[in-house]
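The two complexes that follow have subunit A in common; it is paired with subunit B in the first and with subunit C in the second.
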Partner chain A sequence: MKHRGKGIGCMWYPIGFTVLANPSAATVKINEDGTATLLTGTVETGQGSLTVLGQIAAEALGVSTDDVHVVSGDTDTTPMDTGAIASRTTYVSGNAIKLAAENARQILFEVAAPMLDVRPDQLEAVDRKIQVKYFPQRCLPIADVALQAQFVMGRPPIGSASYNPPTVGMDPETGQGKPFSTYVYATQCAEIEVDDETGEVEVIYMSAAHDCGTAINPMLVEGQIEGGISMGIGYALQEEMLFDDDGKQINPNLTNYIMPTSLDMPKIDVDIVENFDPTGPFGAKGVGEPTAVPTAAAICNAIHDAVGVRITSLPATAEKVLKAIKELRDGGEQKALPAAE
Partner chain B sequence: MADDVKTKEKTESLESLRKADDNLRLPTVPERTLFPKEIGIAPAREQTPAVGQRATRPDGRMHGLGQTKYIDDMFFPGMLHAKIKRACISHAKIKSIDVSEAEKMPGVMATLIGKEIPVNSFGPSYQDQPLLADDIVRHAGDGVAAVAAVTEQQALDALEKIKIVYEELTPVYDPMEAMKDDAVKIHNGESNVYSSKTIIKGDVEQGFKDSDFIFEKTFTTQMVEHVPMEPHASIAEWDANGRVTLHTSLGRITLGRADVSRTLDLPINRIRMIATVVGGNFGGKNEITTEPILALLSKKTGRPVKCVFTREDEFISSTTRHPFVMEYKTGMSKEGKIMARKVRLVCDGGAYCSWSETTLGKACILSAGPYNIDNLHVDAYAVYTNKTMTGAMRGFGAPQVCFAYESHMDDMAKELGIEPLEIRFMNAFNEGSTSPTGQLLEAVVVTDSLKMASERFGWKEWQK
Partner chain C sequence: MTDITLTVNGEEKTASVPPETTLLKMLREDLNYTGAKLGCDVGDCGACTVLVDGIAVNACLMLAGQAEGKNIETIEGLSTLEEYHPIQKAFEDVASLQCGFCGPGMIMSTKALIDQGEELTRDDIKDALSGNLCRCTGYTKIIEGVIDAYEEITGKKVPETNPRAA
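Up next is the complex of A and B:
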């Protein structure tokens, strides 16, 4: 017989390295037609980070995402970056990029100020224009200002900057300190079905509500969350590297190391929790790693809700779940499950 | 009729040729793709303000048309292919390595062993890992020698001819066993525990005394692989000026370059690292693997050298996610408030430290969960074992402890007769809460996320 259950998993996760410096630097070059090039030392690893970083530069310059071309991942040409690790790209690299773009923009403001008959600090960059704050009628196309800067004033609008999250070292005895600049929070809920004759668990539905500060690109946030859940499902139910008595792996291949495929994926509803972190670029934090964190907890709590067994050792394979169900029926009290060999 | 047979034969021979090409990893000419004359740009990419737009990715079109160049798609004139010989023994002393027979094999241009590497050690926290084991093998996936040959198959064949004499050492696989004083020491130190962390907040013993109920449970997790679609891959090209260019699938090239500089004893400005579009990282591509080996093989041969891991290489020799043993003890008031928590974490660090030190630290801080706990004591240990090394993987210890603290939470809720959602609302961090390390938290939305996810799920109305 199949039993349904619901479970919840809640988590918190930090952005960036624990205490240690993990800086990013960036350079933004505004071209003479008002488009721009961003140089970043981070690497696109499939998550869409370069798109997000381009959006941050574009926002600071008042242009569109497509107006910014992103150059990345070459130590000869791009500035230092700690890299695609620790869910830090949007927050740390993003902050560096925002500062670099603001430095480049400042040159445009200084060039545009006499053209518009105001002070540079009265200007803002919005919708591909350099305009006077609270008097947007007085404006110039960003392209005109960029051209003026480069070819008349001889000041190519280029800006560089770096950012490192502020931390406080941890006390070696008590661990007290400020190891991270900021954290994100999330909850996932799972609906699952357990077959009590086979022990098999099927994930039917998941809802996920993740905080990432401002979602720079909601579509890519959703993609991260769905990807993280698929990884979490594998972690909860299937994936496990196994070793023989001589310490050699017995399943180093995708035939015997079972991972979720598209057929294993449940329906997923994603919500982005509204939040704004004043220390992040335009209020953004990060979302990469946290998406894979609470899934296994939610699924195992749902198994408990469905059939009353507590899985204490991941993954909750059909064998383990079935054994636990039998123990529960036989003895009433569930014995602790040994770790899988 | 006769023509038909000829055509058929011709097709078959072409197919077998193509298969041969595949096996040899020779360049195959991609099919001609006609690009659209007008490039349509998604409106979201052209709108301002840019932040908040559901902008499509510029690399999406390249992926969709099969035009993205991963390392395996890149070829340079005269390029060689490298393969790494794995120890296939989990703990042993290397008595001798003889590569002379391998060097005589057809197509073989060079071999490399650990002793030829200027500084044969690396690692983000401690430099305890050799690029190629030269003295002691500490896990079965350790590389012991490398071969560069004209084709991958020739390199593979040559690996078979490398003769290595081992003296077996006693292995230890279980982290709890490895922690004991009398356990075999994997890195010759006084203990296999190579990192420990403590967090103390409030008075945990007093907290337990003030509690109405005490709950205890031990949780364990398994070792898993990142399984990126693209395995680790690199190409090294040593040029006449003594400068090396590395095309690599690393996710952090600035620090990777520093590691290469250290291992090759080469100034940083003589190393160029170019990251391609990485086909999945998830933490597994955060440190160098074969890059210095390929650089030296390229230096020896004067040719570019490529190495693409097989799926098996990826499993047995790259980093993985730590198995944890997590002992939780929590004191609760009868109303459902967490009064005190004591946690002991043991993380199976595998043969080398890699990112274990960092993982342990994060797990330690996060192990209490997103909950207000005034009295907390966490002890955490990372332990060497003779297994594949564990390192950075999406979550850095958080998926492990989240599984434990959230399972534990539900067990306690059930015993106390409190609804699982309710007990979380009662204990969750709020704006201005203090973290286990004493940090004041801001922009805290734990309860908002609980509310949103449960409402979307239909938690309250849900029935079996």
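Up next is the complex of A and C:
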């Protein structure tokens, strides 16, 4: 008989470690046609970070994301970056890029100010224009200002900056301190079905509510969460590295190291719970690794809800779940199987 | 060495390869079609999926000699310089791919599925993609992309299902 169960898992996750130096640097160059070139040392691994970083630069410069050409991950030409690790790229590299773009924009403001008869601090960059705040009809195209800056004023609009979440040493006696710059929070709920004759668990539905600060690109945030859930399902139910007595892995192939396929994926509802983090670029924090954290807990809680057994070692394979169900039937201490629905 | 003549994306090609060469190795190294990827090389991951006479196969498990006279389609045959194939367009629109390594295989499996011309459900799509592994996306946006492409190409709708209704 199959039993349905529901479970919840919650988590928090730290973004931007501060116990060690954790810098990112960036250079933004505004070209004379109004486009911009962004140099960043971080690496795109498919999560869409270069899209998001381009969006951050574009927002700071008042241009379209299509106008920003991103050059990344080339140690010959790009500034130093600690790396695409620790869910830090949007937060740390994003902050560096926002600062670099603001430095380049400041040159545009200083060049445009006498052209518009105002002070630089009265200007803003919006919709590919440098315009007077509250008087948007008094404006100049960014391309014209960049051209003026380069060829008349002799001040090419380039900005470089770095960002390092302020390093805070931990107290050597108490181990206390502020090890990270900011934190994200999430809750995932799982609805599952357990077959009490085979022990097999099928995930039917997952809902995931994630705080990531400002979601700079909500579609990419969804993609990260859905990918994290698939890794979480593998962690909960399938994936296990097995070693022999000599420490050699005995399942080093995809045939016997079982990872989720399209058939293992449930329907997923993603809920992005936005808030504004004042230390992040345009309020953003991060979303990468946290997505895989609460899934296994939610699924194991759902197994308990369905058949009354606590699985305390992962993965919760069919063999393990069936063994636990049998022990419970043979007079274990856990609560009895719920009545058939 | 074995001489092999086959059609790749509508063009006749010939290659002279050792008899143990796989179709994937010949495509990538002798004919320079590097779109199909070498992942596991034992038929688990599906990154090397190409169509042989319209059927999706793991090119790493097929000998080049078995492809003699066959009609092969690879990812390179889908788009032109002017426009994407509707499957590629749908995958791009919903951000189906992340690192993209599984992409050529996913898209060729999708093409084989849609080309069959049968009415599809969400379960049929999940089933057809089950031989293509992806570590990044959780398959969710890939399935969305396949549904969009199917609806665009055939004009039919994939029925909505609610798996929570027991």
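Keep this in mind: the second predicted complex is superposed on the first by the 330 of 341 C-alpha atoms of A that agree within 3 Å, B and C clash if a C-alpha of one lies under 4 Å from a C-alpha of the other, contacts with A are read in each partner's own complex, and residues count from 1 in each chain.
FYI, contacts are C-beta pairs under 8 Å (C-beta built on N, C-alpha and C of every residue); 3 or more make two chains touch, one makes a residue touch a chain.
Model, not experiment: these values are computed from the prediction.
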Checklist entry - Taking the superposition as given, does A:Ser230 touch the first partner, subunit B, the second, subunit C, both, or neither? => result second
Checklist entry - Just subunit B (first), just subunit C (second), both, or neither: which does A:Thr65 touch? => result first
Next on the checklist: Contact-wise, after the overlay, does A:Gly46 reach subunit B, subunit C, both or neither (first, second, both, neither)?
Outcome noted: both
Item to check | In the superposition, subunit B vs subunit C on subunit A residues touched | outcome: B
Next on the checklist: Output check: A:Ile268 vs subunit B and subunit C. Expected answer is one of first, second, both, neither. What do you get?
Outcome noted: second
Checklist entry - Which holds for A:Met259: it touches subunit B only (first), subunit C only (second), both, or neither? => result both
Next on the checklist: Tell me the contact category for A:Glu191 with respect to subunit B and subunit C: first, second, both or neither.
Outcome noted: both
Next on the checklist: Between subunit B and subunit C, whom does A:Glu240 touch in the aligned arrangement: first, second, both, or neither?
Outcome noted: first
Next on the checklist: Taking the superposition on A as described, I'd like to know which of subunit B and subunit C A:Glu327 touches: first, second, both or neither.
Outcome noted: neither
Checklist entry - So, A:Glu102: does it touch subunit B (first), subunit C (second), both, or neither? => result neither
Checklist outcome for this item: Overlap of the subunit B and subunit C interfaces on subunit A comprises residues 4, 45-46, 48, 191, 205, 219-220, 228, 231, 253-254, 259
Item to check | Residues of subunit C touching subunit A in the complex | outcome: 40, 42, 44-45, 94-95, 97-100, 125-127, 129-133, 135-143, 162-164, 166
Item to check | subunit A contact footprint on subunit B (complex, rising order) | outcome: 41, 44-59, 88-91, 139-141, 171, 173, 197-201, 217-225, 227, 250-255, 257, 271-283, 285-286, 311-312, 314-316, 320-321, 323, 325, 358, 361-362, 364-366, 369-370, 378, 386-388, 392, 394-396, 398-399, 402-403, 405-407, 410-411, 414, 420-421, 424, 428-429, 435-439, 441-446, 448-454, 456-457, 459, 462, 464
Checklist entry - Inside the complex, what are the residues of subunit A that reach subunit C? => result 4, 45-48, 191, 204-205, 219-220, 222-223, 226-231, 253-255, 259-263, 265-268, 341
